[in-house]
């Protein structure tokens, strides 16, 4: 424990309160969170905060919905720069380097003191910790985490003469199924596509899954070197492109992330690749039996993890940091994590959450809830680098260029790599 | 002499409060952008330093900037004439005593009172391939599905369409007001001389609408560089920057990449662009003021 | 040129003889065209109404007998503190409009009726804001707001807009049409400059204020980018930023709920417009904004 963090910890434990708190009122902290999962979640988060405030009268958490992940980051960094950040925020785990570079986040190691704390910190799935730790410190607490899974319409499978209970296991099967599932009307217009991999919003994330399956990663873990033009990445992008362009089993061009679930509900696509955070949404809105599976394999199985971590701001008082830590810790306790997972579809962050009674009975009633967890053993960290927004934009733009046919796969990836090199050079 | 002194004092006094705010939030930030743009962005571990014209060199070498710039020009070319033409047409129609004019007038104006941020989501539905409204209609006439927002060639036109929809009805109001201000005597005189309706419009109404057109034109030009709400909702500048406009790019650089110095340089570029447009139009406006 | 305009623009079209009014089939064609375009124009609104009152599975399928529901409104209302957002937006547009009226009236009066050194330059500075709107200067204005501690406050959203070049220009043009004799008569009776302004100029410019008010209120009711950047908390956020809850999420777009929220948040403006549309248009006409 270095000196500064030691001071923080002492200050917090000795309750060296500032004058404003001397009256003995609760420590007030705000919690910025994005809604990646539709409007209803604001109520879930509000209720969680209420519950926590009830159990901990000395702390008052105010949850603040801050928009999408992107906007939440904007808000948190802007607020940090103007000196009044929220004590706790839920940000994409990949924004870790951005937050560190801006000196906006404090590692949580300083708050982990008791053996129980230490046990808690080591209770998370290791796959989630990859995006939460760097340089020997832990910067984020896994909270709203996900992986990419494949959803399929069992009815469409049956109609196409496929076994409705069997998802494609590898790329070849996935392609063959998709071709069989693509339906055309008399005039040759497509009425149902075989599969759909969305390419707005987070195309780098989906490409990362394909690249992993083909045996390559996109960046090193220090976040200062990318390998966008590696052969596996090219193979992944080529496969993605070919699904639509060559094999006509996937809608051509750029496919909107936001309408993908709706496309699936409307039977415009028989399979879709999207976040496991969509599980509750699909369960509520799909008017047909559906299945959830791990993504198909090529050289190996693979999906990046995704979603948000809880981060504690640097520029707030030690008492607030301590309170934020307590809230974050409470949010990730097995019981709460299990309920959160049941309500949203996100992966519960620790194996212990899957051992709770409520999770067990839920999984029994709804086995797809376990798919994302089982995939974790094949998962790797999501693409995260210094100047993450810029680097991912370079990749996203070029992936879209390749998919819309304005650049070849290799040219697009080379361009993305060159741009990323330029951006990351100062960080080595 | 005495009077003009007190006049000057009162004049300054009356103007001062507005001037203060104008300078604080328009002129000062414009100058500050220029200053900011010759320094590097401060980072936690690297303080800001003087870099001269580096940021401007970066602009010249930045393909996304050039793309946003050309997109913005196309956006202007696509929205300004179309919305002005439609506004005039709407005003002419609504100005006549025809059945349905009350409905039409209301309908044309609704986009003005609907928030773009919300309506953009509805347009997103219109443009959705296959079951989106546009494709449902296209389907009826046997056309295949089109990925309007997901294809580089159509995405910009799709967002232009939304902008025209948003603007035309607002401009119509100004034209309507102007049309109703034209003396009916002129119409009588023209009809006595046997002019056709088209001739009357071209020779009498349209020239008389010139001041309105100038006013509307100024607004349309500004809007062409200011409307980005629907970009944020519908495309986020994609696919592959096909719909990235200058202000959106400034927002992205400034508030997503935190490269404030570069954002400042981009802002300066935009200011120069707007100042150029202003100079041209102000020249026109001046001449018009002379006439009246 | 102004002599070519009718002396009383408030003349109603019905009272006017128009030799070029379309007749017979031409009239039918024109009417059909106008209505068709009108239908196209309110299509987004129609769709919003459809989607808002039907369950999500009917959003994109237009079967007439689909059951109606208010569920979407309930969901939308609970998804965000809309009561607070409404309050914020109303406070915001009021604050902006009141400040604009005061500041612009004073400045316009100065430009219209007072001769003072630097007037030309000052007016050019004002006009320059017609082109360079605060919307473009988000980066620097953010810096200013954070240095004076107004980030995440309603005044923080409002301040960049309170001195409006459009307002000053509009009112100056109007004040210049007021006969000087009225002004001088009031002065001879001993009225101060401010009294003259309030007693003579402001009453005569009433329609302009109404027209300008409409433009200002509908613009700021719907303004998005700047409030998005400058606000962080529920206490300061206006409706438009609150509406963001519903777009672009991991789970994709839910048009039913977006539509309900859209209708809910724009209802005051929409209803206001429907009720007063004749007055709206007429105040624009009287304002002579042309």
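Each chain carries a letter (A, B and C) given by its place in the written order, and its residues are counted from 1.
Note that a contact is a pair of C-beta atoms (placed from the backbone, for glycine too) under 8 Å apart; a residue touches a chain by one contact, two chains touch by 3 or more.
Since this is a predicted model, take the numbers as computed values, not measurements.
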item	value
Furthest chain, CA centroid comparison against chain C	A
Pair of chains joined by the greatest number of C-beta pairs in contact	B-C
Chain centre separation (chain A, chain B; CA means) in Å	37
Between chain C and chain A, distance of the C-alpha-averaged centres to the nearest whole Å	40
Inter-centroid spacing, chain C versus chain B (mean Cα positions, whole Å)	15
Residues of chain A whose C-beta touches two or more other chains	74, 78, 201, 258-259, 262, 266
Multi-partner residues of chain B (each touching 2 or more other chains)	124, 131, 255
Shared interface positions of chain C, touching two or more other chains	60, 229, 244, 246-248, 253, 255
Chain A contact footprint on chain B (complex, rising order)	43-45, 64, 124, 128-131, 139, 142, 144-145, 147, 149-152, 235-236, 238-241, 252, 255-258
List of chain C residues in touch with chain B within their complex	1-2, 4-6, 9, 11, 13-14, 16-22, 27, 30-31, 33-35, 37-39, 41-45, 47-48, 51, 59-60, 102-104, 106-107, 109-111, 114-119, 122, 125-141, 143-144, 159-163, 165, 168, 193, 218, 221-222, 224-225, 229, 239-240, 243-244, 246-248, 253, 255, 258-259, 261-262, 265-266, 269-270, 273-274, 277, 280-281, 284-285, 287-290
Touching residues (chain side chain A, partner chain C) in the complex	30, 32, 35-40, 42-43, 64-68, 71, 74-75, 78-79, 81-84, 86, 146, 201, 257-262, 265-266, 275, 277-278, 281, 285, 287
Complex contacts: residues of chain A adjacent to chain B	70, 73-74, 77-78, 98, 101-103, 187-191, 199-201, 251-256, 258-259, 262-263, 266, 268, 387, 389-390, 393, 396-398, 400-401, 403-404, 406
Of all residues in chain C, those that touch chain A in their complex	56-57, 60, 75-76, 78-80, 142, 146, 151-152, 228-229, 232-234, 241, 244-255, 257
